[in-house]
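Order as written gives the chain letters A, B, C and D; numbering starts at 1 within each chain.
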């Protein structure tokens, strides 16, 4: 068991009388490129929220980067290098695209009110550096031409890229993407997938929840299938998609 | 300061609490379904009380006051939904909250413009209290209790025994459902606003019977009603009623300790303490459903 | 005429301070503060009592801002645990409680009788000049200072985060930043400005009593902020000017239109404020000047 | 045709502007003295403000009809305090700075008077008010503030006088938590304990409540024989109804200020509940010729009896007294000079006069005068406060019947 991994053991979650997660267990390498699928209502979103610390599970443990993070807040998990995006992009609509990225930069002394007034020189120098990094990521994500546009005016696909850029400012070890392809046109899907592949090659890990099975299968190396709150199958994408149990679950889920 | 004194204080608290509970129930219904705290609730209650006054001019008694007051308040509540709150439904709840404060001011301004600031009184006979052991029960108290309990029972029956009530609870549970089911949701909202207005009307007329009718009475009722609503968890009808009673009791029973000027603050203090311990309200759990 | 306009301007500037403080909280950070008048009152009483006790005016102003900040800190912390609508109502109650304390603790505040004979700004500074002029100068300086500080703050990394919080708090958390720390700071800061405004008010009117600190003032300030456009510094100034022209203008309307029954003026004022709140929320939530989506 | 109408309209507009421009200097040449009427036309004092303003104008007309004071006509500029200190401050600034008034009269609530005082005093302009708060006397360092209403404390003294007259032994007090409510009951307590009596219980209550039963319970538990109230109409209505309904202490008597124990109270509660209530009010100088003259003019101007607005008589007296002081100060019409003559035209040793024309004639004849006002005999004391009489009325069969007039006596 390597320390550089995300491991989920025995996670349970109930809402009222409904069991949403029923002892999910899996682990994936923190520098790998993994995908997660499952029919509607399988509990993916809840699991995602529990892994990132936005919800608390009733039972079970989450380990990340060699630590038990179960009791940590969402903010603390980010500090350990676990980044996330949202299913529906949650850009800061009134901030410009560049500001969205700059806001994400960690460890800014200008975020301290006193420092913002007392050490203008230091804050200015930091800002210049942060801006440079933000612009570099914007160029990488092909968003440089909209850097000064309010984020609220971007198209759906651009918002997905923006969210990715924002997470990248955190210099995370691993990023959890929640449906990065949902509502994005095929051309942009290709572009987003290309960026993810390149980032993965640079050593950033990904766990991607997605409904677009074809696009996901083409992107990831390893796939998990969740159904009725449990891990149903895992393995190479082709093998998983060929698994009769998985097909059954998807048929059943559709009915 | 014997037990008789305390029993009487507690009884006062219950009567006060019931009137607050009715307004709180109105607020909680609106919050559970339309998703914002309606600050105009108090002023709808005031209009109900004034409407009751209008029937006394033609010789109406308690029943006529209540009936007409409740009808007017219910109609007004629906009207406000149609002309104001419906158009705000797609904006953040804060927009509706601020607009409802504006509406409250506007209603009060219209009232004071036409009837002035002077107090009015329902011309009902004043009857002596009947002693029950140490307790002195006034006939109006019995009326207040009976009407309040009836109104509360009617609302709970509506919510739990009728098809539209079940749908109201479903919408309260899941706001997306409201969006998905179009026309049905409109019917739910119409019934809900009528119901909320009627409850405010009962609260206003009962307050008028107990005290005097003045344009400011509803706004003054609003703070304790809000406190009761939060205390019992916004959107929870049982909680709203118990919250109202709790605030009434806490205010009156605290007077031997904190005195009379601070007793209004006690309701708020209870609320603050509760929020520190249980930020989600006393009766957490999902909205109107459980 | 100049002196009268100057007097109106002083009140307008004091309101502008309140609007600027609220704008920082709601306009830039999305915090709902329905307790503005409470912190205004704390500032007024703190500075009034301090200067009456013989301390110099700057100490009074400073303590006023500090006291308001201190009083808002615990409720600011509470705001982090509460839903936004709960907090809105809690703040209404908090302002009312402050008024209740001021009313009841008469050994300190004079109770319902209030405090008379508070030294005016010029008296407190030992100047012979017209108190209105001195208050005007100090208040104007305060407004300019608050505007400059706010602008610097909004442009700073701190300001970027609070604007991000207004747009989406969960997304800020996903970036590894605690929204709470920022929200409490902004809440306390905005209320310190309200406290300062209260102090200037006390030394201008020179008499304060609980009756002067009712929730209507809070809503005046909300109207001013929303009219000018939440999240716009210039909007706070414009909104307050529009409000003052309306409130004071009604005085002159009566001279022109004697047909309007005079007793009903207060009803009309309240009604117009109410109508303005409704119409703005319904049709121009971004304010009179604001453009949609780009504050 | 259309064009002609427009030209005509324009021409008439221009002429009217020109006319205004001409009349202003003409009026100035005729010598006018500007008086600011600063009354609570809207807000809580709205019931009285309009009448108070009318009374000032009536008095000014009376002075002008008598050829003015010291050959000078009085011009009244009216403003609304909105019964709010902040609005009043702006109104006062406008009066003093824009309209250049040289005296301000008619502020009503204590908060307003206390807020306006520093402005008028700084401008050297006297201020005449109808407020009750004692602080007004102590804050008036330059003797520029004059009070035409009984202080809260004097009301309390009157209550005590009446309680003693009626032979009560065990009084309790209930006060609405504001300056006036507290002033009345504390004034009573002071005067009563000075007589060697003591209170059996006292309660201060917050207004705007649905029920005062808990407060009442505490009072009734002490078994008082009379409750002295510092209250207003709505709370008095509720308290009395709850007392009656409770059936406790049915023989209890109530001493209530006149602004709460009035026809409206009887209308709200009926004759049975209100039977025996003792209503105390400061009264106008009802038997004086000045009151008769004022009452007639007031009724003609407003269509209401003078008795409906006790403050109107006070503001009337302000204007008349000021006019007489102007006459006495003639030819020096500086505000401070006139201010210094106010006591001189209210001199107890002087010849009693009941109107401006009469007073002016006496002054011109070189006599010392004592203006006997419509609101009271005035008798301004060292603080500039008047000493009015009080009425003791008892509600009997739903009617408010006056029993006697109580004078606290002039020091």
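In this section, a residue touches a chain if its C-beta (ideal position, glycine included) is under 8 Å from a C-beta of that chain, and two chains touch if they have at least 3 such contacts.
In this text, all values refer to a predicted model and were calculated from it rather than measured experimentally.
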Chain whose Cα centroid lies nearest the overall Cα centroid: C
Centroid comparison with chain D (C-alpha atoms), farthest chain: A
Distance from chain D to chain A - Cα centre to Cα centre, in angstrom: 74
Between chain B and chain D, centroid-to-centroid distance (C-alpha), Å: 40
Distance between chain centroids, defined by C-alpha means - chain C, chain D (Å): 34
Distance from chain B to chain A - Cα centre to Cα centre, in angstrom: 46
Contacts with two or more other chains, residues of chain D listed in rising order: 46, 177, 206
For chain C, residues that touch 2 or more chains besides their own: 100, 103, 263-264, 266
Junction residues of chain B - those touching two or more other chains: 261, 264
Inter-chain touch pairs (all): A-C, B-C, B-D, C-D
Of chain A, residues touching chain C in the complex: 52, 54, 74-75, 78-79, 83-86, 90-95, 99-100, 102-104, 106, 108-113, 116-117, 123, 126-127, 150, 152-153, 166-167, 169-170
Chain D to chain B touching residues, read off their complex: 44, 46, 177, 203-206, 208-211, 213-215, 217-218, 221, 233-234, 237-238, 241-242, 244-248, 264, 267-270, 272-273
Of all residues in chain C, those that touch chain B in their complex: 32, 78, 81-86, 88-90, 92-94, 96-97, 100-101, 103-104, 219, 222, 226, 263-264, 266-278, 281-282, 285
Residues of chain C touching chain D in the complex: 1-4, 7-8, 11, 100, 103, 111-114, 116-117, 120, 131-132, 204-207, 209, 211-212, 248, 251, 254, 262-266
Residue ranges of chain D touching chain C (in the complex, touch as defined): 41-43, 46-47, 49-50, 79-80, 82, 84-86, 89-91, 93-94, 96-98, 110-111, 114-115, 117-118, 122, 133, 135, 139, 177-179, 181-182, 206
